[in-house]
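The structure under discussion appears below in the form of structure tokens.
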Amino acid sequence: MTEYDLLNLNYRSLDEAREDMSRLLGERAKNESLPQALYNDPFLFRVDMDEVFMKQWLFAGMTCEVPKAGSYMTVEIGQNPVLIVRDRDGEVRAFHNVCRHRGSRICKASKGKTANLTCPYHQWTYDLKGSLIYTGSAMGENFDMSQHGLKPVHCRTAGGFIYICLAEGEPPEIDEYLQALETYMEPYDMENAKVAVESILEEKANWKLVIENNRECYHCSGSHPELLRTLLEWDDTTDPRATPEFKAQYERQAQEWDNECIPHEHIEFGLRNRIVRMPLKDGTEVMTMDGKAGCKKLMGRIENRQLGSMRILHLPNSWNHMQSDHVIVFQVLPVSAQKTLVITKWLVHKDAVEGEDYDPERLRHVWDATNRQDRELAEQNQRGINSAGYVPGPYSESYEFGVINFLDWYSETVLREFGVPPASVPRQAHG
Amino acid sequence: MTEYDLLNLNYRSLDEAREDMSRLLGERAKNESLPQALYNDPFLFRVDMDEVFMKQWLFAGMTCEVPKAGSYMTVEIGQNPVLIVRDRDGEVRAFHNVCRHRGSRICKASKGKTANLTCPYHQWTYDLKGSLIYTGSAMGENFDMSQHGLKPVHCRTAGGFIYICLAEGEPPEIDEYLQALETYMEPYDMENAKVAVESILEEKANWKLVIENNRECYHCSGSHPELLRTLLEWDDTTDPRATPEFKAQYERQAQEWDNECIPHEHIEFGLRNRIVRMPLKDGTEVMTMDGKAGCKKLMGRIENRQLGSMRILHLPNSWNHMQSDHVIVFQVLPVSAQKTLVITKWLVHKDAVEGEDYDPERLRHVWDATNRQDRELAEQNQRGINSAGYVPGPYSESYEFGVINFLDWYSETVLREFGVPPASVPRQAHG
Amino acid sequence: MTEYDLLNLNYRSLDEAREDMSRLLGERAKNESLPQALYNDPFLFRVDMDEVFMKQWLFAGMTCEVPKAGSYMTVEIGQNPVLIVRDRDGEVRAFHNVCRHRGSRICKASKGKTANLTCPYHQWTYDLKGSLIYTGSAMGENFDMSQHGLKPVHCRTAGGFIYICLAEGEPPEIDEYLQALETYMEPYDMENAKVAVESILEEKANWKLVIENNRECYHCSGSHPELLRTLLEWDDTTDPRATPEFKAQYERQAQEWDNECIPHEHIEFGLRNRIVRMPLKDGTEVMTMDGKAGCKKLMGRIENRQLGSMRILHLPNSWNHMQSDHVIVFQVLPVSAQKTLVITKWLVHKDAVEGEDYDPERLRHVWDATNRQDRELAEQNQRGINSAGYVPGPYSESYEFGVINFLDWYSETVLREFGVPPASVPRQAHG
């Protein structure tokens, strides 16, 4: 697809692209897919990166992936390598993974453990709080080490999730969501979890198509036989399409969860965040092929195998399924206008033993299949959208309200960063 | 080569590129190869796509490739997926292969058969005339299905050939050529033919270099030993270079063809189309390595094995060789400024039995070799043209008049679309 | 990395890029790495190509690679194929490797031998001085062959090195350097050498990062165990960091070399060229793993196995190590903003017999390893520089003066081509 990039270059400059994006988002029809250029123009992609991925909070990983002092992990936000490390006080910190000497990427591995952060190029060394502590004798006596510490990246954690924000100045508000996340995740004790298995999928599709695909289950019956063995197609406990049987099941399970102090009520923070615990199909426990346990050990303090799936949405780049014996976290990383990475991690109790308590292949089976199916759908969607024959089409308000919500959030977020007054921002109202 | 694309970006915008193309074509020297940018600039390539491939009639395939109601095939014109399908009335139709819901490509396979056209994303379903007939209950009661049919693409057939035109409005005139094609192809009964074998070749060269290469045989003696076992190097029955022996052979064969009502006279429609039946080397029957039969069954109503090759030219994207026992059709599809696909199909009588009446390897041998040789020539041509050391060079008026004709057609076509008055269009006069 | 190219397009046009490069170079901080765009913007890369690689003298190969009349080699400077050939008078000449007919690349092989230069497309034939001597009858009687000779490229040789310059007009002065090179290379008799083995490495890094990496050994102790078995880390015989032991060793060896008429004194020509013979670690002979001989036969008239390594620098694209029994030459060829080729050749006496006098694997071992390590460093450097977290950092004046010198040369050269008066060019003063 990359040979097509230059076919879709519509602007003379980033400034011109920003101006036109403002117009495109301001004029866009409610409840319709976006104009073509927003899905494939390389300059508009750069605006997405600048206004969304460089300014908003992003899901970056789990705290249990950096379990000890000196544990680190790396993530690339577009072209920007970021380093996440736990310091000796137990705090999780994030830095630009870029040496202050000649700019080399410092840590290359996706995960590791180290006493200090040493650049492989000339061995400049930083402590775990990012202070430069060694350059050898090369830099001379007048060199001020205190002026050459690693550049920090905003970093917050809650309930085992790590969020980073690359904004230069103050990051957007996120406290309320993090507080709720802490509460909702309390039963899972994520500090004592571990990644059992993970996958990285490259999709030849714009990142918004990847998110749109995730935000509705209208496509599930046609594409996801494995997923539908346990997942209920509607998106919320209050979905108007829900059957009486489902409502009875929900009543029963919600009662159990309340008794066990397992949070489950739908809660949201603007359109960006949303948490809700949804039952799985009656009689199933987790998202495995047979709906039976994925891991013998349950997560945290959990005792009830039927916790359904607690869904956590964090725009622009994550959805999650929290179940009784394992949790699945998803991370979306845009690469270019028509290329996106989707990283999926399956986590279990840290004391669960592979081969004894869980089988990684069994654990990943359903969502591996689902991810591959979704990649195919997103790529075919991109191929069609690239056509001169594409025109924005109508979303279903009953089946695709999640997509509408996502595009409203996206549009409002970008326009707000552009300084467009909120009154003029179109807003979708619905359940 | 794709890393070179950004090295050849000469314009700030598509508008600037259009303006400069008008100048470049208006000022180009007669009988010389084009200025460099017309062969490698990504924006000028987009103008080629806009003015030529999105507005002119293109060869898309053969009617016998969609033999029954519901048979379909797909083709990509640049980024534009097109679907060709035979409806229940036997008519061959073309549509943008793009769902009106969220823009997904509908049919992915290159060929298939289906009762209706169902989008794989959300199962929106269209009948074979492109009308939307099913969306489930998702779209609600107020949704107007009649407003969401597939977007049609102009489609015409004649003599077994399918031509499409992606123009938004009225397509260019093509009736006269199609009438002649019907007459000239009548002996072949192409509705009762089938594709025996096909190849797809990717060439790292601008589409015009691929066509230029095909439009002359000046290069044949140096590069095409297999082809020259049967092909005569001159391009027409009236070629001034032709020998007395050839003229005698032609007289004899033309007499036979007239007796058998096999059309053969040179006929042309502007510079775009040209049909002429040329003898092959005396004593040979078809373009095989030994010049003997490629298929035991003859095409259509044909009884004479020595029909030479009826050459059909259709600019901008097809040349063809119609012989007694098989026909070969060639289709050129530009991908980017320096990448082009060449699709070759060998067709035989539909009742011919593989392994009994014909051997696909034997059938394809000569043109497979020739295509590979031509790819090498086109790619080396591109490599040299990309150089700062390139300057347009002179075409031979006796050996390369076909190239001159092609570039005249190209230039006139683009300038006409630009609204440049015909009087100011340079025109090459020759035999 | 190529998907990142469009993320780093900062200018509307080449003119705008040139203007901003003038500003960036004029304002750059002394002794700091360059602003990000100079390492990754596709338009600024084109300015580098236009002002440096298309105008300055480039190392292209060794005269012994074209040993006889009709011997040729090819090299690609960016998109520009160049042909180097020895004519019947023994002179080494360079031409644009582009046919004057339709622009095809003429010679495709990296090396060969031929009586005349024949284009593979239509057999246009040029003699070894580039004159067109054959086109067949195609071009008609009025065609003037004398107007269609190969376009020459400036070409100079000295001491076995071939330098070319693609400048349209007069090339920069190079006589003084070539005279010295002739003198310094005299003992090696490079006309009677041969390439024993060569390697081509593709590095995903801007060409300037490749050169910067070569211009300092601050990184050696952390990355190059093989190289440091024989190489002394300091860069010159007068390096202030040198130990008394080294100075004593140098005194002793310099005395020997003087007695043997082996040139060794540091000499330089502006910042572009620099020649100096540096001892290797005491007791070692050449850059092999054990420091022992790489080839039984010594080069040219050399008799002393301990000649250290004569280092020859030629900006923008070559460094070299001349030893007693083999020499190693390095050539840097930019491909795109973030892609560069490094070609390394190991040469021995032409009468040395592979398997008897030398083992190619043994010969290449140390610099193969070093090149791979340097590639990794350059690529990680590029990855970090691409980040929004990158800011130019300080070079060490004691360890990285070679890098500072290189960037001063680069900056002065580009600004001079831009017509900026020398007085306003910042200049780094140091040893």
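Letters A, B and C mark the chains in the order given here, with residues in each chain numbered from 1 onward.
What we mean here is this: contacts are C-beta pairs under 8 Å (C-beta built on N, C-alpha and C of every residue); 3 or more make two chains touch, one makes a residue touch a chain.
None of these values were measured; they are calculated from a predicted model.
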Touching both subunit A and subunit C (chains): B
Would you mind working out whether subunit B and subunit C touch using mostly the same residue numbers, over half shared, or mostly different ones? different
With centres defined as the mean C-alpha position, give me the subunit B-subunit C separation in Å. 46
Residues of subunit B whose C-beta touches two or more other chains: 2, 6, 9, 12
As the complex stands, subunit B meets subunit A at residues 2, 5-6, 9, 12-14, 42, 45-46, 49, 54, 78-81, 95-106, 108, 120-123, 137-140, 143, 148, 151, 153, 166, 335-337, 339
Complex contact set, residues of subunit B against subunit C: 2-4, 6-9, 11-12, 33, 212, 218-219, 221-223, 376-377, 380-381, 383-400
